[in-house]
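Consider the two complexes below, in which chain A is the common component and chain B and chain C are the respective partners.
The block that comes next holds the complex of A and B.
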C-alpha cells in the first residue's frame, strides 16, 4: 500500500516538475519573441520615420523581412504610424504595403485568428492602404458579420479605400454608428483622409450620416451650423434628435427654443436626468435654462450644477 | 546642446518622437513615466514633451516642482483629449503648448527647430 502511494507521489512529482519546466520554457520563448518583436518594431519604425521625414526614394529595405512575423510587425508599424500622425507622404507607406504584400498577409492573419485577435488584425488592415483585390476579398468575407467591431473595421476599411464615397458608405451601413464608432471615423477625418464638409452630412436623410455630421460640428465647435442642429432636434429619429440636442449644449448655444422644449418633453425621466447632468457639466446654470425646465426638475438641476462646481470640474460660464 | 526629454508610457510614440527629434540637432532622452526622482533631471532639460496630462491635472503641480528644482523648461503636451476644459486646465497649469493626437510630426519638429534657434540666439 505504502509502495503504491509512493509511486503515485513520485509520478505526481515528476509530472509537476515537467509541467513547471514546460511553463518556464514557454514563458522564456514568449519573452524572447516579444523582445525580438519589440526590437524589430523600433528598427522598422526608425527606418520608416527617417524616410518619411527626409524624403527621397519611396523604396525602403528592412532587415529580416523575409519572415512572416517580421512582416506582420512591419504591418503593425505602418498602421500605427498612420493612426497617430498626419502630414506624412502616404505614398511611402502605400509603397511599403504594396511591395511586401502586407495587406494580403493581414487578411490571411485575420482569417487564421479568432475573437478579439481577429478584430485587432482587421483593424490594422483597415488602417493600411489595401490593394483592390484584397479589399474586395475582405468586403466579401466580413461585410455581413454580426460582430459590431468587425462591422466597424469593414466601414473604416471602406472609408480608407474610397474616401470620396464617404457619405454613400455611411448611408449604406445598416448598423447605427455608436459614439465609439463615430470617434474612430472622426480620427480618420482628423488625419485628413476624408473630407470635413459638414453641411451635406447634416442635411442628409440617413441617420448615420447625420450623426457623423453632428459629431463633426461638436468636435470642431462649428457654431454656424446652429440652424441645421435645431432642425435635427425636431426630427422624428430619437437618436439623431438626442445627439443634436447634446451638440447644441456642447456648443453652448441658446436653448430658449420651442424645439428644445418639445425634445425635453419627449424624454424619459432617465434621459432627462442624463441631459441635466450634461447641461451642468457644459456650464449652464439652472437659472439660464429655467424656461426649458419643468418646475419640479429645477431643484434637481440645482443639485447637478452644485455638484459640478464643487468637484472643480466646471466653472459656470453661462 | 538643447536638451529634450520625452515622457511617455507608449513605447511606440516614444520611439517615434525620439527618432524624429534626433534629426533636429538636440540631445533627446526618453522616460517611461513621471516619478518624484525624475523632477531633478527633468528640470535641467530645455523642453519636456509628455504624452500624459494627468500629472498636470492631478494636483501634483509638476510645473512648480520643476521650477523649485531650478529649471524652467518649456512643456509640450501631446494627448488624445481634445475638449476645451482639459486644454484650458493644462494651459492654466503652466503647459506651454498642447497638441492633440494624431499629430503632424514634421510640424512638431519645425516648431521645436524654431525653439532651438531661438534658444541659440539667446
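The block that comes next holds the complex of A and C.
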C-alpha cells in the first residue's frame, strides 16, 4: 500500500507542477493577447467610425489584418458597431465583412470552439451581415441545437438576415422566448432592423409573437394598444396572459374589465397577493383594485389591498 | 494499517474529483457571465420582468446604503431595517437626504412581527427604491421577516449589513431563475466572495410567497435553515461580497487535509514507537500523498483564480507567490 501512496503522491506532484506552470504561462499569454486585442479594437473602431462618418466608396485599410486573430477582432468590432449604432450605412459594414470574409471566419471559429465560447462567436456572427452561403450553413448546422443560447443566436441571425420575415421566424420558433431573448430581439428592433408594427404581433396566434408584441408595447409605452392587451389577457396561454396583465399595469391603464377580473380568478392566492402589491406600488388606488377583486377575495383581501395601498401614502396620525 | 491507507487514499481521491468538478463549474459560470456581458439586451429594462427586494439587517452607514441603491437592475428596491434607538442620527440623516416620509406599516397576518415598526418611503420618485423600516433590533431573522412583509416584489434577497451584492448580481440571478423555470425555484443560492472551491457561505434569492408559507425566517442561521427547507438550486459563482473578515469560515477542504494529515502523522509515530519500519514508511507515504493532493487542489484553485481574475494585472512572480501561499495555508 505504501508503494501505491508513493506513486499517487509522485504523480500528483508532477502533474501539479506542470499544471501550475501551464496555468501561469497561459494566464500571461492571455493577458498579453488581451492587451493587443484591446489596442487593435480601439484602432479598428476609430477607422470604421471615421469611415461611417465620412461615407463614400473608399476602401478601409486595417493594420495587421492578415492575422487570423486580428480579423476576429475586426469581426467583433463590426458586430459591436452594428449593435449599438442607429441609422448607419449598412453597406459600409457589409463591404468590410465581405472583403475580409469575416462571416466565414466566424463560422469556422464557431465550429472550432465549444461551450459558451461557441455561443459567444455565434452571437457575433448573428450580428454581422453574413453572406447567403454562410447563413445557410449556419442554419443547417445549429438550427436543431438543444442549447437555448445557440437557438437564440440562430433566431437573431435569421432576423438580421431577413427582417421582413420577423413574424414568420418567431412563429416558427419552437422554444418559448424568455425575457432575455425578448430583450435581445428588442435591441435589434431599437436599431431599426425590424419594423415596429405592434398590431400584427399582438393579433398573432403564436405565443412568441404575442410576447414580443407585448414587450414592444410596454417598452415604448403604446397606450393605443389597450384593446389588444385586454384580448391577450383573456387568452388561455398563462405566460401571455401574465405578460399582458403586467403590461396593462405598466401603462397604468383602466383595470375595470371582465377579462382582468377573470384573469385574477385564475391566479393562486399567493400570485394574487403579489399582483395586488404590484398594483399598489404602480400607484393604483384601493378603489381601482377593489373592482378587480374576485368574489371570493372581496371579504378577506379587501383589508390587505387597503393596507398595501396605504403603505405608500403619508401617515397623517402620529 | 492497510484499511487506514485505503480509507485515506479513497478520501483523497474523492476530494480531488470534487475540487476539479467545483473548479470546472465555476469556470463555466464565469465564461457564461462573460458571454452575457457582451449581449446588449442583458440587464436592460426589457429583461427586468422579475422584481427583486433586497432586505438588509444590521447597523450600516449612509454611504453603505447609497452603495446598495446604485444597482443598475430596473425593478429593484432596498428594504433597510435599522434600529433608531441605537443610532438616531442615521434615521434623521436618511430622512433628510432621501426626503423620507412616514407611511403606515401594513398590519398583515402574513408573518408574525414583534413590536410596532415604523415604515418610511421617499416622497421623491428618484429615491423610490429605498424603503426604511425602523424597529427595535431583536434578531436577524426578525428583521428579515419585517422586511419581507413590506417588500413590494415577489423575489427577496435577505443579506447582512456587511454584505453587498456584486454589480452584475441581480440580472444574472434573475436570468438563471428564468432559465431554470422561475415557478419551480423557491430559492436560488450563490456564493459570497472571496470564495474558495468548497465555500459554505451563501446568499440566496427566495420566493416571497414560499417564505411566507414556510412561516418566515427563524433561528440563529435563518438563511441556511430556509435554504434547506425550500426547493431550489445553487449557482456556482459569487454574487455577493463580504467586507468583514470574521465571517470567513475555515475552508472544509483545508479541514479535510488537516485531519487526513494528522491521522497519517499519528500512525507514523505509532509505527515508529513499535519499531515497525515498513509501516512507518507507509504512513510517511500517506502524509506525502495528503500533501500532494493539497498541492494539486491549490494549483486548481490558482488556475481558477487566474482565469476568473484575468483582467487583473498580476505578474508571474505574484501568481507563484499566491500558489505557494495557497498551498501553505492548507497546513
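Throughout what follows, the second predicted complex is superposed on the first by the 256 of 318 C-alpha atoms of A that agree within 3 Å, B and C clash if a C-alpha of one lies under 4 Å from a C-alpha of the other, contacts with A are read in each partner's own complex, and residues count from 1 in each chain.
By definition in this document, contacts are C-beta pairs under 8 Å (C-beta built on N, C-alpha and C of every residue); 3 or more make two chains touch, one makes a residue touch a chain.
It should be emphasised that the depicted structure is a prediction, and the values quoted were computed from it without experimental measurement.
K.L.:
After superposition on the shared chain, which partner residues are touched by A:119: those of chain B (first), chain C (second), both, or neither?
P.N.:
Second partner only.
K.L.:
Using the touch criterion from the header, give the chain among chain B and chain C with more contacted residues in chain A.
P.N.:
Between chain B and chain C, the winner on chain A residue contacts is C.
K.L.:
Classify the contacts of A:53 with the two partner chains as first (chain B alone), second (chain C alone), both, or neither.
P.N.:
So A:53 only meets chain B here.
K.L.:
Tell me which partner A:38 touches in the superposition: chain B (first), chain C (second), both or neither.
P.N.:
In the superposition, A:38 touches chain B alone.
K.L.:
Pick one for A:159: touches chain B only (first), chain C only (second), both, or neither.
P.N.:
Neither: A:159 stays clear of chain B and chain C.
K.L.:
Answer with first, second, both or neither: which of chain B and chain C does A:81 touch in the superposed model?
P.N.:
A:81 sits against chain B, while chain C stays out of touch.
K.L.:
Looking at the overlay, what does A:92 touch: chain B (first), chain C (second), both, or neither?
P.N.:
neither
K.L.:
Check the residue A:255 against both partner chains and state whether it touches chain B (first), chain C (second), both, or neither.
P.N.:
Neither chain B nor chain C is touched by A:255.
K.L.:
Let me check the overlay on chain A: which residues of chain A are in contact with chain B and also with chain C?
P.N.:
In chain A, residues 83-84, 187, 219, 313-314 are touched by chain B and also by chain C.
K.L.:
Tell me, which parts of chain A touch chain C in their complex?
P.N.:
Of all residues in chain A, those touching chain C are 1-6, 8-10, 12-13, 15-16, 19-20, 23-24, 26-28, 30-31, 34, 83-84, 115-117, 119-120, 123, 148-149, 178-180, 182-187, 215, 219, 243, 246, 270-271, 273-274, 277-278, 280-281, 304, 307-308, 310-315, 318.
K.L.:
Would you tell me which residues of chain B are touching chain A in their complex?
P.N.:
11-13, 15-16, 19-20, 23, 82, 84-85, 100-107, 109
K.L.:
Under the definition above, what is the set of chain C residues touching chain A in their complex?
P.N.:
It comes out as residues 1-2, 5-6, 9, 12, 16, 28, 31-32, 34-35, 38-42, 44-51, 101-108, 119, 121, 123, 150, 152-154, 174-175, 178-179, 208-209, 212-213, 278, 281-282, 285-286, 288-289, 291-293, 295-296, 298-300, 302-303, 306-307, 310-311, 313-314, 316, 319-320, 323.
K.L.:
Going by the contact rule at the top, pick out the chain A residues touching chain B in the complex.
P.N.:
Residues in contact with chain B: 38, 41-42, 45-46, 49-50, 52-54, 80-81, 83-88, 187, 190-191, 219, 221, 313-314.
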